[in-house]
Amino acid sequence: MSKLLKEEIISVEKATEGIYRMTVASDYISANAEPGQFVNIKCCEGVQTLLRRPVSICSTDRAKGRYDLYFQVKGAGTKILAGKKSGDFIDILGPLGRSFDLDIGYRRIAVVGGGIGIFPLLFLLNESKAVVKRSYLGFRSSGYIVLQEEFRQKSNSLEIATDDGSYGMKGFVTDMLERDILSEEFDMIYACGPTPMLKKVTEIAKKHNVRCQISLEQRMGCGFGACLTCACETRTEEGGSQFVRVCADGPVFNSEDVIFQ
Amino acid sequence: MSKLLKEEIISVEKATEGIYRMTVASDYISANAEPGQFVNIKCCEGVQTLLRRPVSICSTDRAKGRYDLYFQVKGAGTKILAGKKSGDFIDILGPLGRSFDLDIGYRRIAVVGGGIGIFPLLFLLNESKAVVKRSYLGFRSSGYIVLQEEFRQKSNSLEIATDDGSYGMKGFVTDMLERDILSEEFDMIYACGPTPMLKKVTEIAKKHNVRCQISLEQRMGCGFGACLTCACETRTEEGGSQFVRVCADGPVFNSEDVIFQ
Amino acid sequence: MSNIDLSVDICGIKMKNPVIAASGTFGFGREHAGYVDLNRIGGISVKGLTLEPRAGNKPPRVAETPAGMLNSVGLQNPGVRSFIREEIPFLRQYSTAIIANIAGNTTEEYCEMAEILSDADIDAVELNVSCPNVKAGCVAFGNTPQGIAEITSLVRKYCNKPLIVKLTPNVTSIADIAKAAEDAGADALSLINTLLGMAIDIETRRPILANNTGGLSGPAVKPVAVRMVYEVCQTVKIPVIGMGGIFSGKDAVEFMLAGASAVMVGTACLVYPDACIKVCEGIEEYMRRHGFERTADITGKLVLNT
Amino acid sequence: MSNIDLSVDICGIKMKNPVIAASGTFGFGREHAGYVDLNRIGGISVKGLTLEPRAGNKPPRVAETPAGMLNSVGLQNPGVRSFIREEIPFLRQYSTAIIANIAGNTTEEYCEMAEILSDADIDAVELNVSCPNVKAGCVAFGNTPQGIAEITSLVRKYCNKPLIVKLTPNVTSIADIAKAAEDAGADALSLINTLLGMAIDIETRRPILANNTGGLSGPAVKPVAVRMVYEVCQTVKIPVIGMGGIFSGKDAVEFMLAGASAVMVGTACLVYPDACIKVCEGIEEYMRRHGFERTADITGKLVLNT
């Protein structure tokens, strides 16, 4: 169950160019959050940014009662967040949304992340009981790489692709997935990142008949299921289609259910 | 001439309940400002407060290239200002407006201030070459008194009235003026404060035929004379009336020119 | 100690306070129930209903604008019958007024819905004749005095519940439209619905909303909404429910002084799930500070400058 | 290095860039000249002129609202003759287009002003038929296609300068009004004027503005303005000048993509005396980044979502 909380910021630090880590104190969220869930933040009192901003939970420290968010500075909201200081309080709604399915039957998993989509996957790796965990991450170029060490530690292998080849493999992260999918015999693929990437991952998983969950982004009015603005088209059991809510019915979906525009 | 400036804040400190002093670094304003002038501040980037907020210049330190503002926290704009930190930059337009007439012929002067209207009068006392300077200040109650020491130092006498009698005389500051006006033979009365006070001072000055300048407040769109929103009704030479601009034709007016609503 | 009575009776809709959740921003109350006690809310205008279920528009359906938001949900809803079956029993667990907000493509659809709802356990029907986010029907009715008179008088025949007609602000004279609705039998009016707007992503050179245009709501529209509520209250005798950008008790009091008997809170419910409660507390605080005991003491008590 | 050409020719008004100071927010340029080089501004639409000098409304005349402001200046101005005598010589020192914004109480007044201005050294006349802050005349003309057609065709006869008709947003269908103005002989259209609004001081229980209502401008209105500019540009063939909440080059580009050939900057000029220059630089930066060379490359280049 999500709650409306005023939480204290422990620290805000630059992780890499344009990306910040915010550590927030919260017994409630650190105890209750599950991988794939997000929080919805009112970046300021007043109207400078009116709506909340959704940010995925990247890791939790239950013992210390805190959790980490990683966010990229994009517009007014994330700019305000990046300017917050230790000791400031922020207005947070969370944890929100449907989390990844971490069935213990999934013994061999792949996580496929692109850009700012990698953050919920770190939390997932932390919580997953799988035996083999392979991480495939894609970035625009070497300057955008974050959390490399953390992903390396939390998985059995980490491979990075960059669009411009400035680090790791040059090309798409999905190329690496495609290369390994036969040999690795994954029970489950988890993916989060830009839509073209998710579409490709979905195709690969389908072709090889591997279970796959993807986490989607959509512009949100409320983040908790009330306004129906965050629509995503999915297949119905009757073979038709319907709009469901990314914030409440997702953000994590079984890839086969999603109809990409 | 006023300029559009980005100036560094040296300090923001609480002066008394709800009132803050902000010291700002500025060679330009400290060198050019005259008593009665104000600055117009964009309290934040963006739309949380859209228009600038006018604040009187309370004192300047030309040697150090800095000046002081005193402001009361009233709404969103002044709340943001109160939260500023040393080292922050603010977007300031100034110095603006017509200043008090400090003719050296005015040898005996009275300053009459009410509430947040006292601030420009301190600057005036600093700059005036008068031989006798009497200060009469009025506040709601003792908790609102600020700058008492400064006014005492800069004038030959200081008397304070409070509405509730919790400090000094109980009653209106104008009662003290009325009491002294005959004996003191002022050459000029300078007043700034709430409209009823200014109206009363104007009447007293008129009755006793003493020169009087008053500084007015009005809601402002621009603060530099372009939008005509800050209207004040004044007498024309032909005996009619006209709307003039508080920001550019004032805020200081000869009291006899002003038509109170 | 407190003898402040916040209750209101708007054309027979009895509410414990004058704060109603605005249609489309509160779903059917289920989500908000996780954050606030629905018993403390005067009433809930549910998500706009249509005769048949509607899928709504393609996403993106929301764009933030300066102090406001555009939405183009397009009346996604499960249909009026499913509402009666699935949602009323849930809502009736709480003591809060239920207002069924309805929209149709044709006058027949409106009438059929009104008829169906006449047997349902609801407190009022709110006629949405001004949804800017659907192509056919709906919006057209609300744009002219003739249109609104026609739909109101027809629906009136089929509707045995108090009938609130919701007005669009996208018109030259909202007072004329209000008058037409009153004359045609509306029991109350609610306003404003959203202002039609557009936001463009200059990088892709496309409108942000998949639907291209959407309805503007939030604090940005408040001055327009207050003005319209004032104009309408000067023109009609039936009660008026005011809305548009209400985020605080102070905002609500502006509408009430302008003449509103109750208020609706929309966008604020998305940002703050507990917005209705906060607005209500703010009204009460204002009344206490000024020594008012009944909401009628503030409704319409604006004094014009001369 | 740069081969970006920002110049525009709007129905014969030649400007070095498409950024014009909006009427009422730039006076006659004197105050802003202390902060910026007026030579760098495409054009200046001067404070609204009337036949005889006008004192304007009582203060307060401005109220801040969420992301916007209300004003009720009420056309305070020295009259058209004084403008010609005192202000044109000052403005003509600079190389910037001079647009005379005029408002009248009667059609005769409009025509007389247009005639007087035909001999003046100005670049265009902008017909303000939509000022919400004066009681008589003016506003009434702009509210109906008939009204706008009548005033436009009459003034057209007396006006030998390019004639811009400025449209009010307080109407049901701005496209219909735009079409009527075009058919009646307008050379260009400018929009939007302010939205009618009200703000209430709940402590005094009076409207903040002495005039009770005022015109809403600033970022809050931008989505409405962009939508209206888009609608009008889909309807008429004459050039359109877009405005409403432009504070940055990005905002201006939204209007241009929606179809505007030039933009006006109003409220921003009050907050930032150098706003026109900043907006212009922002447009140029956008064009450079996207490889556009002429403003015509962006005007109307919006691609609708389907």
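Letters are used for the chains, namely A, B, C and D, taken in the order the chains are written, and counting of residues starts over at 1 for each.
Keep in mind that, in the parts below, contacts are C-beta pairs under 8 Å (C-beta built on N, C-alpha and C of every residue); 3 or more make two chains touch, one makes a residue touch a chain.
If you're wondering where the values come from, they're calculated on a predicted model, not measured in any experiment.
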Legend entry - Minimum number of chain-to-chain contact steps, chain B to chain C: 2
Legend entry - Longest centre-to-centre distance from chain A, chain (CA-based): B
Inset, instruction - Compute the distance, rounded to whole Å, between the mean C-alpha positions of chain C and chain D. - result: 34
Inset, instruction - Indicate the whole-number Å distance between the mean C-alpha point of chain A and the mean C-alpha point of chain B. - result: 55
Inset, instruction - Quick one: report the Å distance separating chain A from chain C, using the average Cα coordinate of each chain. - result: 36
Legend entry - chain A-chain D separation of Cα centroids, rounded to whole Å: 46
Legend entry - For chain D, residues that touch 2 or more chains besides their own: 58, 63, 66-68, 218-220
Legend entry - Sequence positions of chain B contacting 2 or more other chains: 47
Inset, instruction - Chain touch graph shape: choose line, ring, star, complete or other and state it. - result: ring
Legend entry - Those chain pairs that satisfy the touch definition: A-B, A-C, B-D, C-D
Legend entry - Complex contacts: residues of chain C adjacent to chain A: 24-27, 30-32, 34-35, 47, 55-64, 66-69, 71, 73, 76, 208, 218-220, 267, 269-274
Legend entry - Partner chain A, residues of chain B touching it in the complex: 44, 46-48, 76
Legend entry - chain B residues touching chain D - in the complex, by the definition given at the top: 1-4, 42, 47, 49-52, 93, 218-222, 224-233, 241-243, 248, 261
Legend entry - Contacting residues of chain C [partner chain D, same complex]: 58, 63, 65-68, 70, 143-144, 170-172, 195-200, 202, 205-207, 209-213, 216, 218-224, 226-227, 230, 245, 250, 253-254, 257-258, 286, 301-305
